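See the structures that follow.
Common to both upcoming complexes is chain A, partnered first by chain B, then by chain C.
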Partner chain A sequence: MYVAVKGGERAIANSHLLVSEARRGDPAIPELTLAQIEKQLRLAVDRVMTEGSVYDRELAALAIKQAAGDAVEAIFLLRAYRATLPRFGYTEPVDTLSMQLRRRISATFKDLPGGQVLGPTYDYTQRLLDFSLAADGAAVAKPEINTAMAENESSSVMALLGHEELIEPQPISAGDPEPNDITRTPLTFPTSRAERLQNLARGDEGYLLAMAYSTQRGYANNHPFAGEIRFGTVEVEMIPEELGFPIVVGELELTECQMVNQFTGSKTKPPQFTRGYGVAFGHSERKAMAMSLVDRALRAEELGEAVVAPAQMQEFVLSHADNLEASGFVQHLKLPHYVDFQSELELVRKMRQVQADQVGAAS
Partner chain B sequence: MYDSAGTDIARREWLGLLAQAPLDMLEAWGKDRQEEYVWLRRPESGLAMVRARIGATGDRFNVGEMTVTRCTLRLANGRHGVAYVQGRSTRHAELAALADALLQEPTIRETLDRQLLQPLRARIAAKRAAIHQDAHLTKVDFFTVSRGDE
Partner chain C sequence: MSAVTTLDPAINLDTGYNFAYLDERTKRMIRRAILKAVAIPGYQVPFGSREMPLPYGWGTGGIQVTASIIGRHDVLKVIDQGADDTVNAVNIRRFFQRTTGVVTTERTVEATLIQTRHRIPETPLQENQIIVYQVPIPEPLAKLEPREAETKKMHGLSEYGLMHVKLYEDIAKFGYIATTYDYPVMVDDRYLMAPSPIPKFDNPKMNMNPALQLFGAGREKRIYAIPPYTKVESLAFDDHPFEVQRWQQHCALCGAKESFLDEVITDDQGGRMFLCSDTDFCQERRGEVASTAALVERPLSGSV
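Moving on to the complex of A and B:
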């Protein structure tokens, strides 16, 4: 518990000045523009949009600038702004199968329809610092090629084994149930998979990465393959109340991961590969992959597996995934706890006195 | 033309084009227009919760929100223009709604289609072609190595 304390207004006001000055840095150096952040720090923007849970590149860039590059602080700023906006409704589910692909790889099938498309990835870079970037860079010259637009190059890898049901199918349940929105109705346990995915989608990337890593190291038994990872653009549709039919309102860049896991079967299900799913705004591959591993681990109960590892525990994983909540609770320890601490101090003094009296009486 | 659900297919298409239009293209078209209109809903920015499907094909779930700006206006002739556009530009929504109302006027639709919609279609097609080209540049060509007489 902490109590309100008065005073310090002048110090706080001056602290605001100092943080502004520190953010700006040396005024002799040109100031960052939002466009520069948006275009040149695109992966930072993608992370802030994903965990800030608002797709708006310009707002995310502003948040990054204001937070001096601190991703979690920028996510906080975006979430706070979000709370000031009215909600117009829900979009139609985006169709990731019709995504215009900028990247699509599969670690399970070499010859997938449409081929392996590497796109803009750091995967095959050597991770050597490129000192040419320290100077002003010239535009990249790409080789010219002529390709006809081919149709239907984005059919899903999941469909390849689907017809034999060697991979668990993922059909729509009867009635296409409306998912609970955890920003409106808080989680109660046990959770639905839709609720879990919403929680994980806005969850902290570092946290989910660690959770996912723990499943690979043996804290939950699943042997995963990256069935398919795709990054590209999808159109997003809404049904405005004025119109009553769906219209495209814009387009989103998304990253999607279909993770495939061994499954020995249960009383009701034959041995087959099961699936974990991850999706994130922008190009957020590490996040989408981690999310899909954690999603699969959290399906333990549903699939009749023993819940033995942290990553399989819904309440543990989902209650600690949000970096806004986590950061807030950890950092609230900086707030004045003077009265609390005073009473604890008194208590420790008394205990020491009692102990000293006992020692004195015994000797 | 209407589809089986009774939706005006042409209107659906142009609303999508207008939503994805860059503001400078709309502004170039709309800055000198003289039509008068009244607001039925003034431009306002807000959020839409984006949904996806579990495993791409399963049940719906909420991914996160996106910013959307909307408005509704009425021309002097009674036609309503509606806009729902990504982002926070109230001017974008206003110009899109004005275009929507005017496009419903059969006498000027063809002209507007040529002036406004064709360049928007061309822009989207060019963007898609560029992405496709880039993707193709990084498409992997596997080759196999002969392993003798197997």
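Moving on to the complex of A and C:
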């Protein structure tokens, strides 16, 4: 006999208890502290902050703990929290040229003012499982050089290329207009580059990586060179109305990627390198590099290139970059669809009946 | 107010958030979008959709619309698939109980505000009611033309040939229009509109409805509306008029013949039964609900 699906309220409450229990795991094992997550899972924290669009290491650590390490779920928690925050105003643009560098590399010049600084990177580790980490408490040897490359006048590769006009200039638009905030006014197509960069900055890392990868495999090749990748700390300044001059309100860790791309010129423009730009909170090189490739691919229309590949299509790339939108809509298929399914059942039966009648009539 | 059937009396008001969760500036922004939507029936108004604490695709658009217009004196009903007790409906109702403390009901006649997914109640709506639809894909042309830059032009020019060709191709192939839900409608003879994935069975209820009908698409960041007593026409051809689903069966519980029926599998031998998808309608017919409507105060919806 049919039993109605009652008691949803109790089932939901109980599933909350179950998920909390599953998150905590074996109570005999000490509970993770936020400080441990923040300090020892720093790259997970960085990704959650970047795609969650909130720079707060402690809240990101909390989100990761609550989400049992699921990055997208943690990003969701942070975004929902962000939606309730009032906004006081805009900071001044951060000056990445005066970044306190911890890492800075260029793939376009062997050496350059400020030098190549490898910094903390997994790039040249050999990916062998380090079984010594399986044991607790081993002290980590002190690195040779101070991690911060303080006060080092490192001019950017972009500026060096700019002297000869080999790369397109990137002047601030006249009047430095306030960019449209895509979290307040939805994207409408075609988009401005400022809107695209906002969308990509909070876009899913895996998705951008795949999109960027596709441009390297012949779907909109841009002949990219990693002009410069920087990771370090920048100061954030704001001009309070009552003061009228900028004051430092905090510091951010950022990763920035300036991609240099070939451009053969058009009727109106001489041959010149063009730019793709990527930036992310914390140390997120994969994200920043992927973003810069996709940014460049999305400039196809602006540069008079034929739009032929998915990575060049604004509506395709930007409408599907947000992992909360994607995850929510894919997983909403879990919700009941009895009514629509019933309608389709009826239709399929009708179609089968018509076909059966036709076969019957023919024989 | 105690006479109203409250489903979950144990849920306490969460005072850590603003009334109905959203801050007042956000509500004002959404109300402005709603006003514009009401002024241009069927037109999709872009709005600054917020990240809600429920996932995209699970009703965030409807929730934001409801949160922007709900007042302390509203009586809220939330349904999913026509039922008040499906987990998603329970969850959304719980969200509003926690953040507004308003009275909730299962009874269509008692509600001033109804949030729905995939159904319109069988009981006819009244002038003092607002129904809020959760919308996954607001663009009726999206399956035919995914580029918004193109569909915007089509709406601007009222150029809907693409949809007519699609329906015609159905007829050429099957002999009838093979769309069973989210069946496109023309609103006020001007805008083609997605009615949200309600079965086409419900489409005629939209036409000249006395209630205000609001549609929220959170992920796609669009709001649209059908003002009360507006003409809503399901697309069709003169020689292929619009038809709704009919069942040979009756509801196994209340015997209804004219309501939308869900098919329920009862065993693995092909046994099945048919039940009203609208649980309130079914219960009313079975006389299981004491009539309390007369005792319910009916304030204007939205008054705080």
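Observations, loosely collected:
Heads up, the rule we're going with is that the second predicted complex is superposed on the first by the 341 of 363 C-alpha atoms of A that agree within 3 Å, B and C clash if a C-alpha of one lies under 4 Å from a C-alpha of the other, contacts with A are read in each partner's own complex, and residues count from 1 in each chain.
Everything below uses one rule, namely that a contact is a pair of C-beta atoms (placed from the backbone, for glycine too) under 8 Å apart; a residue touches a chain by one contact, two chains touch by 3 or more.
These figures come from a predicted structure and were not determined experimentally.
In the three-chain model built by superposing on chain A, chain B fits alongside chain C with no clash. In the superposition on chain A, A:P86 makes contact with both chain B and chain C. When the two complexes are overlaid on their common chain A, residue A:T188 makes contact with chain C while staying clear of chain B. Touch criterion not met for A:T268: it reaches neither chain B nor chain C. In the superposed model, A:G232 makes contact with chain B only, not with chain C.
Of the two partner chains, neither chain B nor chain C is touched by A:T125.
Once chain A of one complex is fitted onto chain A of the other, the partner contacts of A:V354 are limited to chain C, with no touch recorded for chain B. The larger set of touched chain A residues comes from B, when the choice is between chain B and chain C. Taking the C-alpha centre of chain A as the vertex, the lines to the centres of chain B and chain C open to an angle of 110 degrees, rounded to the nearest 10. By the touch criterion defined above, A:L324 reaches chain C but does not reach chain B.
When the two structures are aligned on the shared chain, A:E344 is found in touch with chain C, with no touch to chain B. The overlay of the two complexes leaves chain B and chain C separated by a minimum Cα distance of 13 Å. On chain A, the surface touched by chain B in one complex and the surface touched by chain C in the other have residues 82, 86, 183 in common.
Note for the complex: chain B touches chain A at residues 5, 7-8, 12, 15-16, 19-20, 44-68, 70, 72, 80, 82, 84-88, 128-129, 131-140, 142. Looking at the complex, you find that chain C touches chain A at residues 7-8, 17, 21, 23, 46-53, 55-58, 60, 80-83, 85-91, 94, 117-119, 136, 146-149, 174-175, 178, 180-182, 197-201, 219, 221, 245, 252, 260-264, 266, 273, 275, 277, 279. Residues 1-2, 4-9, 11-12, 76, 79-80, 82-84, 86, 183-186, 188-190, 315, 324-325, 327-332, 335-340, 342-347, 351, 354 of chain A touch chain C in their complex.
Interface residues of chain A, counted against chain B in their complex, comprise 49-50, 53-56, 58-59, 82, 85-94, 96-97, 100-103, 110-111, 115-120, 142-143, 145, 147, 149, 156, 158, 169-173, 176-179, 181-183, 193-195, 197-198, 201-202, 232-233, 235-236, 238, 240, 242-243, 245-252, 254, 256, 258, 275, 277, 279, 281.
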